[in-house]
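Just dropping this structure here.
Note that the chains are named A, B, C and D in the order they appear, and that numbering of residues resets to 1 at the start of each chain.
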Amino acid sequence: MLNTSRRRVKTLLATGAIAATAALVLSGCGSRADDATAAAAGSSCIDTSGDTIKLGFLNSLTGGMAISEKTVSNVLHMAADEINADGGILGKQIEYIQEDGATDWPTFAEKTEKLLTQDCVAAIFGGWTSSSRKAVKPVVEELNGLFFYPVQYEGLEASPNIYYTGATTNQQIIPAMDFLAAEGVKTLFLAGSDYVFPRTANAIIKLYAAELGIEIVGEEYVPLDKDDWTTQVAKIAAAKPDFVFNTINGSSNVGFIKAYYDAGLTPETTPIISVSIAEEEAPAMGHEVTGNYASWNYFQSLDTPDNPKFIEDWKAYPGSSGVTSDPMEAAYISLYLYKALVEKAGSFEVDAVNAAAAEGGITFDAPEGTVTLNGDNHHISKPGHIGRINADNQFDIVWESDGFIEPDPFLDGYDWFPADVRDALVASAG
Amino acid sequence: MTKFTTRLPLIGIGVFAVLLLVVAPAVLSEHWISNLGKYCCLAIAAVGIGLAWGRGGMLVMGQGVFFGLGAYAMAMHLTLETAGPGALPGFMILYDPLAPLPAFWEPFRSEVFTLVAIVLLPVIVSAILGYALFKRRVKGAYFAILTQALAVALAVLISSTIRETGGDTGLSNFKYFFGYVLNDEANKLMVYLIAAALLVVCLLAVWQFNRSRFGELLVATRDAEERVRFLGYDPANIKLFAFVVAAVMASIGGAMFVPIVGIITPQEIGASASILMIAGVALGGRASLFGPALGAMAIGWGQSSLGSSWPEGWIYILGLIFIFVILFLPMGLSSLFDRAKGLIRRSSDEPGPATPELREVVK
Amino acid sequence: MSVPDASLVVSDLHVQFGAFVAVHDVSFDAHPGEVRFLIGPNGAGKTTCIDAITGLSKGTGTARFGDKELLGSPAQKIVRLGVGRTFQTASVFAQLSVLQNLDIAAGLRRSPVSLLRARRGVDASVERALEETGLGTVRDLPAGMLSHGQKQWLEIGMLLVQDAKVLLLDEPVAGMSQDERTATGELLGRVAANRVVVVVEHDMDFMRSFATRVTVLHQGRVLSEGSVAEIQADPRVQEVYLGTAGALSGALAPGAEEVD
Amino acid sequence: MDELLPPLLNGTALGALLLLAALGLTLTFGQMGVINMAHGEFIMAGAFVAYVTQQVIPSSDLSIPLALPLAFVVAGFLGLLLEVTIIQWMYRRPLDTLLATVGVALILQQAALQIFPAQGVPVEKPSWLDGQIDVLGYEWPLRQVFTIVLAAACVAALAAWLKYSSFGRRIRATVQNRDLAETSGVATRSVDRITFFVGSGLAGVAGVAASLIGGTNSQMGVQYIIPAFLVVVAGGIGQIAGTVIAALAVGIAMTFFAYWTSGSLAQVLAFVLVVIFLQIRPQGLFTVRTRGLA
């Protein structure tokens, strides 16, 4: 209790010292926004000296998104094993480092940085939610790394450091709308989870629906983690649309389908077309989902030359869920696409890989067919398919697009998409 | 008490400051500096939780709300700075390219306003909330559940207002930090040093609170609120002050989190994030000076390292930390330290005035 | 009788919990210089009276300290008017030292800013209270380690440093040894010189030794009032005590009533 | 009426589900003061029991009625295990039970994720719950009626048990004065255990109901825990009548908000309203006078 005044001075001194340190650093050597010497992109530390090459897999193995992402992680392992058995990439065995994104977006950013700077991986594969991709994007751009993203998404994005092997909107949403138009649908109800993909998809759907002469008779959103859809389904029942466009994601779909079935709405009177229900998700909904539709590029039931082997290998793979689905197929593609890119470039260096991509002509005989990489926007061409869920929770193909659809993330080829919006988006993305 | 023991905390803060500000930048890689910066931000929030919960007895389960206020204030400024003068942030364009910037964004173009808001916003919100709750004598589990519910409500609100806040995807892709290019090693180090320095300042502030009469009063209120009332104080005001200070610290932590991590989403402020902030405080020792900060850093480190090598195991470990620490070490690891000190003192035959075993177990 | 400025005057105090009337139109007064006792069997409403006066329970009627009405104010305001109390189970801050306990009590009129500074030195009022209560030797001990009697003294000491003008003491000698009781009684006599002291008590010996005036409560009503000799002679009082606990001097189980 | 009837009925069903989720908490939180954050995971356990039962007995007409008592017992034993291993050491510091059980919740979630298919499992409803009944022109799904009937049955059984059984008297004695009950010969330890068993068992029953309404997966418990606690707090701690009214009020209010605004805003508004309500009545709808806001 004594000597207090002297101690107080010391407190002040300590505080002052810290403030001074901070100020010193502030006035230090970092570059300012107006400096001409903007920081150079991080230099790569990829180690190609040995007979292995390190790759990073980044999926949520814990937390809420583990529900979906565990399968993606597993199929990446399978693809790596296959490639290794087949001699590896440029003769080097893949040594993968599996990281857990833990359903936490800052963790995705942290792990990306760790994989690129600590583990010096040549490329990273994974992510599921748009949030996880948006967390990774600035990091790979800054460190000049490579990220392969395997899930259909809302489009309107391009990055020199990201390759998108899932569908962009013109490969899933727009084919679904074309299918609805062909079916003679006049009225449409939009139901989605309350986050960026459904909101963006529905914004695009509304624009295209106006073009196709389809009337939107309702639009409802429920938070991602909520199962209760009864109120919204009652609204659908009251609106009596020809079709429901379902952009719900995750297990909330189960609540939606059950409430829908309960309300006496059937695929005969008011079918649903979904963009997030695949072979993985359908079983959890039992028979109540049977007869409804889904729009994907890949279905397990697709009759292509390479699909049977893929299904067979996957069923035999340890930890397999027993069914194949679009996002996991896209993840499978991503690793092979990377292999093709590296082999064309003859190098693991990011700039060399990107240069090889820009040259064009990179293809892969995927389970969904032979896909081609678009060197400009880093997306791949994909066939559009509409499947109808049968009693085995598999999909009967009822419609397919006229050949493979070229990826068009900014919807350049669609005049109904407002040019000013596109320009502004491209500007802000750049 | 001897001179040495009263000075021990200050010496500790000094050593801690040197470690964070001098040693760490010298020995750690850029990646670990950035991680350490993130832990510092969580530790700043934890120091506040230690004050409110450990010393004040208020189990603040919704610190994500204040963390989010600071983080979003900062993120909105950085987003606007990145977009450039007069421009709309990219994510807003799609939904309505012609609509103007939402009114509440506009002032965040200003650097000064942003800095003031980071401090003032949590003060206003926590003062209103705390005044309402404490005056009605809401405490204990009620307080914990209500604050947690508010964190969930805010997270859902942000998720659903996509054009206004970026929604579930949050705000990210910041290029500049108050004029400095974020993609620059020296600037990153600067941002880290600011966060670390702020942590040290928060520790000093809490150290001063704890030794002040206010600190004694706060502990007294925690242990016997009615008695304090019958000494003529309004316990609501005492708790309110600690709650507001904790809120400001959470907000500062959130604000620094944004430039270091590069993204803020509603998930960082929701229920599980808010609970995770508590985990570190419980582990380190809720009522001690260093416990909350070191505990938060330990949890962050565990997430980074163990979460990498054994993700499923890390969740189990995290769960077991909650259970075992609360069950066997309610005062956290710092109580082990106290016990060890007691042993040393006893072995040197110098009975102190208040040996640890005489302390009452926390209620 | 004229009412001095520093007296406590309670009239028609009425406290009700739901349908249960705990205190029924009780009136009494207390003046500086006397040690005023409230006694009565279990459930008589003694503690409830104190609770109502100090703002812990809601009561109707009036309770004036000088010209200030106490009923209806929040507890902390009543304390600031100079009315302090102790509790049946001594409630001190167990983890804080005796000195810190007293210092908190003394801090009542400090400015908020000064609260943010560390304590330097010891207030004169705290020193006086330490001396008066004889706690000087244990000043640095955590209050939780004090004996039961010492805790009660500490509570009284906390009222003294606040310079409370009205001391409402709830069973201050329960559980004390005979020596401690005597010491407490003498302490009360000293502090009562210029303060109002009201003691709620079960211990009849203690009452006989130190009370100047006594009010007997029974089932929420005033049964009798007067000097110790007067109430001992009152047949109604004898009946109540004989009917319940056997004898007026019999030890009534302390602490079994009105636990809140 | 046309406009208001569907949300009113849907809201009642949602309220009944919330009530089922919260009913166990009126025992464990209300009567015992334990803040069990793993209650949501006990609900999840009940849902998985429904699934496993269905794997053994494929006919959902039989398996669901059978799953109800099974889920009660399984969740009850989980609760008992929790009480014996962790909770019993912490009755004197109830706030800490909140944090310890958060750890339990994390572990149970991760275990469920690893034991069962990550995407979740299907639980088929009995065929006798197919279809709707006509209420003034609104086709009210039978499944919603079932939730309401189940909740009503649970409330009635619990209330009768607490009121008329000798065990109920022992619980009340223990709650009101633990020491006195102990000295009067009530074995408070076994009272604690049985109370916790029943409270957790009710979560299991809620889980079966939830498995018929939404997805059955490792994350399903999370969405129930906060609303359930809010319902108990708003109802007045330990008060079954208050919990019933609060659950229905929150369910109906949430549904109307969802009807008029959006699903997200409904949740925000419902939470904020409960917080405001507790400003006005911090003790909840009903209250036992002797208990403070501990």
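Miscellaneous remarks
Basically, contacts are C-beta pairs under 8 Å (C-beta built on N, C-alpha and C of every residue); 3 or more make two chains touch, one makes a residue touch a chain.
Listed by chain with UniProt protein names: A = Urea ABC transporter substrate-binding protein; B = Urea ABC transporter permease subunit UrtC; C = Urea ABC transporter ATP-binding protein UrtD; D = Urea ABC transporter permease subunit UrtB.
Computed from a prediction, not measured in an experiment: that's the story for all the values here.
Steps from chain A to chain D, minimised over paths through touching chains, total 1. Looking at B-D alongside B-C, one finds more C-beta pairs in contact between the chains of B-D.
Of all chains, the one whose mean C-alpha position sits at the greatest distance from that of chain D is C.
The distance from the centre of chain A to the centre of chain C, each centre being the mean of the chain's C-alpha atoms, comes to 72 Å. For the pair chain A and chain B, the distance between C-alpha centroids works out to 32 Å. Mean C-alpha positions place chain B and chain C at a centre distance of 44 Å. In chain B, the residues touching two or more other chains are 156, 159-160, 208, 312, 315.
Of all residues in chain D, those touching 2 or more other chains are 110, 222, 262, 264, 267, listed in ascending order. With touch defined as above, residues shared between interfaces to two or more other chains in chain C number as follows: 118-119. On the side of chain A, the complex with chain D involves touching residues 62, 64, 66-68, 70-71, 194, 220-223, 225-228, 230-232, 234-235, 237-238, 251-255, 258-259, 262-264, 280-281, 283-287, 321. The residues of chain D lying in touch with chain A in their complex are 6-7, 10-11, 13-14, 17, 110, 113, 117-125, 131-132, 139, 141-144, 210, 212-220, 222-223, 255, 258-259, 262-264, 266-267. The touching residues of chain C, when paired with chain B in their complex, are 54, 56, 74-76, 79-80, 84-85, 87, 91-97, 100-101, 103-105, 107-108, 110, 114-119, 140-142, 144-145, 158, 162. Residues of chain A touching chain B in their complex: 1, 3, 7, 10-11, 14-15, 18-19, 21-22, 25-26, 28-35, 38-39, 61-62, 99-100, 102-107, 109-111, 113-114, 117-118, 129-131, 134-135, 137-139, 142, 156, 194-196, 199-200, 203, 221, 223-224, 418, 420-421, 424-425, 428-429.
In the complex of the two chains, the chain B residues touching chain C come out as 208-209, 211-214, 216-217, 219-220, 223-224, 226-234, 353-354, 358-360.
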